[in-house]
């Protein structure tokens, strides 16, 4: 392991350290994680910094990716994969998390095929050009993120009224909860977004 | 599966439903989870409601318990198991989460062998009779919980200055982040604390 | 008089000082107060710390107890003594006051004969198993405690609509106002709850 | 008794009702209160509305005035009567209480003999032309009013460092606590300031 | 130019400096500004400190007064000049700006011919004796001042429903926005209100 | 004039209306504004929506652009044009203003020649890779934007200590104040950013 601690707040665009904590040598990863890391690096063309930051804690990394897989890759009529990413963008912005807003903003652009919507959701989801269903989803999700006691049974019923299934409704809460965790790890370890994320999904040829 | 949805805000002390979402039949749990559920129920004498609430989502339940095991059961010189529970109590109180304050307040009483400290930490950790190290830990943890962008590299150095290792410091952040997730799930699903938790660890004979 | 000032944040469970300010010798109390102090100590088995902390200011102590007597001991159809204590618990929790949450949580358990309800009200009154009348009462009381300008004539009418008399409605406001005072004195003087309060009313034999 | 309830938010400058609650007939007041009411009305030339609003609750009125007398009329080297009124103005402004800001702004003008200082303290005490001692006093008082858990033993020591005695320091906290009560009663009952207060102490001939 | 920087927080009532920044020699003002400054000083009997503070930046001063002229001097059925000043008072109070509350409180007293209303609006506009139209106006304006993302198309429709024209509605927003600028300049430069403002419009003979 | 009012929250990327208020026919603009509008449209390749939204109020438009010209185009050693844009990005993000964050994010990318820095400043300026001088500038500016009373003389001295001249320091405050106005107008009129802004300055060939 090598330590990132002697770098003062590294510049993410200049090869700075991806975490305030020790970085594991990829060669020492357990096989299941090594395979996943190699796979994501091959598909993306770079290793997202959250992977690098979690590598020294294999059990937490494994649970983290399991939650991601359970919540983010489903495409249901009530909540598409792109809409799931917009929940991440809106709640991560409410938590001031640059890593998640930039990285998941990129994924949202790719999955919604909309090059500008995620930027608008990140700053002011209320005025973003979304249908009523997604306004309701983001209203509940952002309140769960910043003032969780305010979410009531009536809020969940409102989501059901917009056509979300019981599973979709749970996913709204669980995605928000999972990124409540993710945002705080990214803040605590000061994980910067990889520079590549900023441009992904902005040009017609992207992806 | 049976649905909890037709109960209006059930009374937790009166056999109310442990979640706003469907409850899985324990007989249908995957074997690894079935074993864990049986084990916790035998050791505790009851099944904590968070187990019941997560059963319909086995992958999330598994990741949830993996995070718990990775973070909460370590007993290090810098951060004992009882002190880890106090981080949960303080940050869950900041998030107004009755399930986590009551359930982890009980565990904290048992692990710290102090029948009153967790109650004080839950309402005002600043005046709770804790040593300077734990005041620093809770100051950082509670800010990470409610205003995550305010946590700086200097805050982490302060924890190191109190004798926490690199692993201990990460655990402060990761415990707070994990219960940031847990608190939001408990709010969203309206998981009530089991009545048994309220008295645990309060009497000399407890445990 | 002896001073509490040279004790650094005493541990309340270890015989620590009940106040940051001078403590009056009970022998020097005016007769009316001496009688009240002896009476409460005999009935409770211990002298609640707020009594000790106020003793050096007899005029304020007298007014403080007069307000308590005028507001807390009435048992009306619209607002029972137990419900009055729950107002204290909810608003004192909103003000982060450990003394009042713990001490009045104990009294609430005794008066409501419910060993768990006060704990739930202290953390998240919104999900506590209360009838609609008490949800309305606590909604108004907590807003009066933390954002007083937001309470409107319509809020008072809502309480009347739940069957509270003119006197009951005033009491909701006056109890909240009185504990707004009490919470701030307890914070300022750092009055710790007596350890005895934590267990009161939790066991069938209590009281 | 006559009820004020059928008046919709009366105009205070137009003879509107002094409270949302019943108003007691002055003729029915207990003798000690009747004497005090007559006295204040004679000295002021009008009956301040808080007297009218409290009349239907003689025990609370008596305790309220006792607290006022115990805290507001002392003139010590560490805290003059005018400075005590400025604590009321600053903390009542933080609580958005028009009755207390206007009524005690008038008293502050008279007691400090400064026709403009109270207006400045009401809006932004930080920039008001006060000496360092009073800046420290108002910093502690306003935090006790709006975020009471943030007041520490170090804050009290700072006040002692500015020459306040143990009694003066307590008074800073007790005045803030008492007006925490008073502000909430005035909000709850919607007590308007008497129009006469607005001009008091503004002209050389005032008083 | 002479500098105000060596004065520590000057007392505004004692001839203190009107700004933390350099003060331009009036003789050096461009002719159009010189004329305006002379005119306002002649009409008011004194030069309001915001004029003095802006003099070293003629282009900004000119734009500032142009915005004032475009927004504040119109007298429409939906929004009188006095009501425009009350928007300034309420939003400036929400921003804790003593200069604007005191100076525009004076202008509001003169224009509304009401000697007490502005004081009430400054502390708690919700209880101030205003008609429903102005309650709606101030509700929208104060939210735009402190939580601008919360203002919706429905809020604007509500103002139209109270008879405000398209121009009047814009003016509500633009006045609030302009004093959002003005309040921040006054805070940043620590511009004190001239002592003369405190008494203006309070006496029958005023103006 | 044509009205934008019958469009429900138009999609900015789909030719939606640039304002909730009437849009002036460009042919009717006063000559000086007509020239400016033509010039900006020619240089940018499109007319930024804030120009379209302000056209129906020529006096306000003129003052608005005058403030922009006085504050944003200066390139001083203490505060470059790119750094001025970053102040706009950080404070506009604190005000949740999508128009200003997206439009001035684009200008910041062009002027700083950094394709990713503005995105980081928009979400969490504290962790953005900036030198100490700019951290101090943004700390003061963001507090002035959201909690203006908290800015003290010591804050201004800190900026001077980082080499800002008296003019630079004023500009920090005045830029923040001006965009305090601009953000509120953009919220009130619901001005969407032109789609072109999202990609500007992201590619090497940009500009």
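Letters A, B, C, D, E and F name the chains as they come in the text, with residue numbers starting at 1 for each one.
As a working rule, a residue touches a chain if its C-beta (ideal position, glycine included) is under 8 Å from a C-beta of that chain, and two chains touch if they have at least 3 such contacts.
Because the structure is a prediction, the values reported are computed rather than measured.
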item	value
Any chain that touches chain C and chain B	A, D
Number of steps on the shortest touching-chain route linking chain B and chain D	1
Superposition of chain B upon chain E: rotation angle, C-alpha, nearest 5 degrees	180
Chain C and chain E: spacing of chain centres that average the CA atoms, whole Å	44
Chain A-chain F separation of Cα centroids, rounded to whole Å	28
Chain C residues counted as touching two or more neighbouring chains	9, 96-97, 124, 127, 149, 187, 190
Each pair of chains that touches, named by its two labels	A-B, A-C, A-E, A-F, B-C, B-D, B-F, C-D, C-E, D-E, D-F, E-F
Touching residues (chain side chain A, partner chain B) in the complex	5, 8-9, 20-22, 57, 59-60, 62-64, 66-67, 69-71, 95-97, 144-145, 148-149, 151, 153, 156, 166, 169-170, 173-174, 176-178, 180-185, 187-190
Residue numbers on chain E that touch chain D, as the complex places them	9-14, 16, 93, 96-98, 101-102, 114-117, 119-120, 122-124, 127-129, 187, 190, 192-193, 195, 198-199, 202-203
Touching residues (chain side chain D, partner chain B) in the complex	149-150, 152
Chain A residues within the chain E interface of the complex	124, 126-127
